[in-house]
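Some structures to go through are shown next.
In what comes next, subunit A is part of two complexes: it sits with subunit B in the first one and with subunit C in the second one.
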Partner chain A sequence: MSGMIELQRASLRYGDILGLSPTTFSLPDGGGITGLLGPNGAGKSTLIQVLAGLLPPSGGEVRIFGEVPFRNPAVLGRIGLVPEGDRFPSGISALRWLRMMAQLSGLSGRGMDEALDRALRTVGMETRAHLAFSSMSKGMRQRIRLSQALLHQPGLLILDEPFNGLDPEARLELMAMLRGLARDGVRVLVSSHILGEVAQLTDRILLLFRGRLLAEGSVAEIRELLDRHPVELRVNADSGQAVARWAVEHGELVALRLENGGAVLSVRNPRSFLPKLQDAVVRGELPLRSLDPLDLNLDAVFQYLTTDHQ
Partner chain B sequence: MPIYAPTLPPRAALNAGQPAWLVLARFDVRRILRQKLGRFFGFVFVFILAIRMGVLYVNHLLDTKAQLASVKDLAKEFLAQGASFQADCLPPWLLTVLWFQVAVVGGGLVARDTLHRVRPLMYAHPLRPLDYLGAKGLVAAGLPFLIQLPFVLLPWTASLLIAGLHGPIWPTAPLRLIPAALLISALMGAVTLGASSMASTPRAGFGWVLGIVLGSAALGGMVAGILGNPAWLAFSPGVLVTAWPELLCGVQAPKLGWVPALLGTGGHIAFWLWISARRTRPSEAVI
Partner chain C sequence: MSQVTVPSPLATLRAVFIGYLPRVFQARGWILAAMPLAPVGTAILVSILVQAQGGRFSSAEALKVFHEALLKVLLPVMALTAAPAGVREDLEQRTLPLMLVRPAPVWMYPLSKGLVWFAWGALWLLVAAAGLLFLGASTESILRGALALVGLYWAELAFLTLLGLLLKRGTLWGALYIFLFDPLVRILPGNMQRLTFMHYAESIAGSRSSEVGVRELLAQTQLETPMGIALAALFVFGLACWAACGWKLHRTPVGLSGKDAEG
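Take a look at the complex of A and B:
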């Protein structure tokens, strides 16, 4: 096996309960963002605990940086974990807590001071880290949580539901931070049950449902897997009837719905249909004003896939 | 030579700092020292120590000053010499106060991490479960030991300075009392660590410690009463900690014999450490 993350039929059981079905996937070396998607109870946190070396798999094999992560300091020293939740030790400053975390990573002396400075600058908290957790906003605490994971400059950064409870501005800032880290060569794995925010962030997703990995790839790739689910396209045109007529003649239509100012086409294979549509518009056969894919987003993908596995 | 992403500086050398258990233990000690509660118990223990030193000095005066001969016999009844006097350097009421102190401080050692869910974060670092348990155990047992130490060493030093080798405290007393303090500390540490690891909040940890100490004392007392055998009192950590100074100083009629004291102490330490080890495994550190 090679790559930064390699799972080969890795599974995890909590007694009789199957937390993670045998799962196989790999993520390559180098920077990038991968979204780990699924509703609550899908097995995201379980998978994260396996990847972060907190739990050994009950079956199969897990390798991070080519090694088994469970209780392996060589691997743990290269992983940064930002767990879910917003609870911190009371009565101490963030800086004191970060120092302890840095020391646990094996940093000391000048190297630790530089690491603290760098991590706090990355998250924009360099002037506010002396504050107690109790006097910080949720967004500030999330930044501190992220900075503790960056102290030892991990190659793999795992975030469990990092956007929970953040206001829109803080979300955008966090997204920008994560994109920056990915550009700098860090592999970022973000779990979320909110599909829209991951769709804004990620170039690759892993879709989990009831402890099973349902799909892996980009949103478009996953959508391609769904041959039996048609893509809905809203074609805005001067004449809906003209669009419908053309579509019936040339398209692989599953359904058609006329609307004011256009038509909604359900198409089996958009990859072959869309070039035909484009040619027709260029030739002037279709009075097209705009084209909106209605369900080519993560919500639709997620809904289709999970409905199939109910 | 490693290749780094262009905008990232080289990684600092890891594994260059202190051992993980020491980092955690220092963090907990500093937190405890900053607590107001620590100042309260500090005052209580200094007050008790001052009384002990006063008793020692009065004792010396009674033995050496002819003017005090008239009150000497009366005082002897209160200030008994010999093995009991040595064992009384760690008296039961001091150990009771100490139980409260370790319940307050030790009860939160693991529970606080559970409450704030920081254990997954810690285990996501190169920290072994043994490091975590070792750090918490060091604090849980080290604190009562450090508190007991002045109660052994200060009266002993004062006795040597005031009256030389023939003072009220035996010259060999630390050789008996320091092992007693170590055993007491290990027992208190193990019980508080076990209690704290079962609790989800520091307050619950405090309750667990008191529940274990008082509950086992009641159970041990009942069984001992029903069976007519005081050895069953060894079920109680509270009785065990008071038994060790007596046993090691050679008091004539100790509360417990050597065998029940050894079995009770060993059993409690092993059981509560087992509980702590199970409850602080990475798999228990649920994200």
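Take a look at the complex of A and C:
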């Protein structure tokens, strides 16, 4: 095995429940951003915990920087983890907590002070770190969570759903920061259940669903895969038959169902179908009142992909 | 990217101790402080009132406060209160994983966190022991009493922390051990007494065999263990418990379970 992250049929069980099916993939050394995409419950956090050395795999092999990560200081000193959730010890200030985290990462003296300054400046919290966690906003706590992962300048930064709860401005700031870190040689692994979010950051994606790695590739490849998913559209029109007739002639239909006041079309490629539909409406060929996509959420797409891969 | 520097066990202990020290100033810490002060303070108040009315408050009463209230009841309750505040609480509140992904030796965390609560509790136990001076207790008995209190608190805190890591209802099992097993074994014959915390604590504080009266008919003749050995026994037992806690935490995978890790 070689590369920064190497998984060989790595799996994880929580008792009788399979959290991660045997998974094999690798990520190369050097900087870059990789997206870990999947709906809630897909196994992203499980995979992240295995990669970060919190949980040892139940089967297979995990190597980070060429070594087993669980309770391995040589690996843990090179990983930064930003978990999801908002858990901090009560009764201590963020600065004191960060200082402790820096010391537990092997930093001390002037080097530690510089690392603290740098990390807090990176997340824009240099003037507010003295506050107690209880008096911080969610966004501030998210920044502190990020800064603790940057203190020791890790080579691998793992973020679990980092954009949850952030306002659009903070989201853009975080994206810019992650891009900067990747340019500086940090391998960033960021999980999300929103494709658009990940697509803005990276062109390399791991697709996870129900504890299985479904696909691995560029955003374009994943999009292509997703486009194969037939999308259901409810076309509300004065005449359902007219819609059906037009769709059969012009659309790549998988299925069609007539309903009162319209029709439900199952379309193979919505990205080519929808412009045609728009043109037809503009030309007055279709008596369309409104259009509702029925299953454009990611869960439905993943459901389709799983069926497709069985 | 920086080179990995692994902090030494001592640096880990120092970092966690200093990091978590302010937590003793929360409600739990002040409750812990009040526990040993309450009986001694009350006894001092009573003695002042008795003396003001021309009565006499004997030093035997001071020793009774020490043995019956401090040693047997309040100190174990203090240990039961403080033990979950260490690693157990972090496990339950899921604040531990971010410490576990550091290169520091994980096995030092239970002791490092426990030391914060040990130091705080021991401080107030010493203050309470010093308060016995006002009740007429001799300096020697107070010194021995202070050693007994600190030694017993050390051992019980470590033991209860270990139970908290090994068992789901560690506090309950700990309470049963201290308040049921300890007194029960005390009335069993021979060397069984050596299996109790109280044997060593009373060996340090001074034997009360002469005070065992008719109401304690079931009590066996109290065994004696030299003070130094009794103190060493409590210290080594506590250290062994902290080591077992460290071993257990090092071996146990601790993840981000619950709603924070749903994916």
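By our rule, the second predicted complex is superposed on the first by the 223 of 310 C-alpha atoms of A that agree within 3 Å, B and C clash if a C-alpha of one lies under 4 Å from a C-alpha of the other, contacts with A are read in each partner's own complex, and residues count from 1 in each chain.
Heads up, the rule we're going with is that a contact is a pair of C-beta atoms (placed from the backbone, for glycine too) under 8 Å apart; a residue touches a chain by one contact, two chains touch by 3 or more.
Remember, it's a predicted structure, so these values are computed and weren't measured experimentally.
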| item | value |
| --- | --- |
| Subunit C versus subunit B on the shared subunit A, clash or fit after superposition | clash |
| Contacts of A:152 with subunit B and subunit C, given as first, second, both or neither | both |
| Which superposed partner A:241 touches (first subunit B, second subunit C, both, neither) | neither |
| Partner chain in contact with A:87 - subunit B first, subunit C second, else both or neither | both |
| First, second, both or neither for A:41, with subunit B first and subunit C second | second |
| Partner chain in contact with A:114 - subunit B first, subunit C second, else both or neither | first |
| Touching partner for A:49 - first (subunit B), second (subunit C), both, neither | both |
| First (subunit B), second (subunit C), both or neither touched by A:200 | neither |
| Intersection of the subunit A residues that touch subunit B with those that touch subunit C | 45, 49, 52-55, 71, 73, 76-77, 79, 81, 83-85, 87-92, 96, 100-101, 103-108, 148, 152-153, 160, 185-186 |
| In the complex, subunit B residues that touch subunit A | 4-5, 7-9, 11-18, 20, 23-24, 27, 30-31, 34, 112, 115-118, 120-129, 282-283, 285-287 |
| Footprint of subunit A on subunit C - complex, ascending | 1-2, 4-7, 11-12, 14-16, 18-20, 22-23, 25-26, 90, 93-95, 97-106, 250, 253-256, 258-263 |
| Subunit A - residues contacting subunit B, complex | 31, 45, 48-49, 52-55, 71, 73, 76-77, 79-81, 83-85, 87-92, 96, 100-101, 103-109, 111-112, 114-115, 118, 148, 152-153, 160, 183-186 |
| Subunit C contact footprint on subunit A (complex, rising order) | 38-46, 49, 52-56, 70-71, 73-74, 76-79, 81, 83-93, 96-97, 99-101, 103-108, 148, 152-155, 160-161, 185-186, 191, 193 |
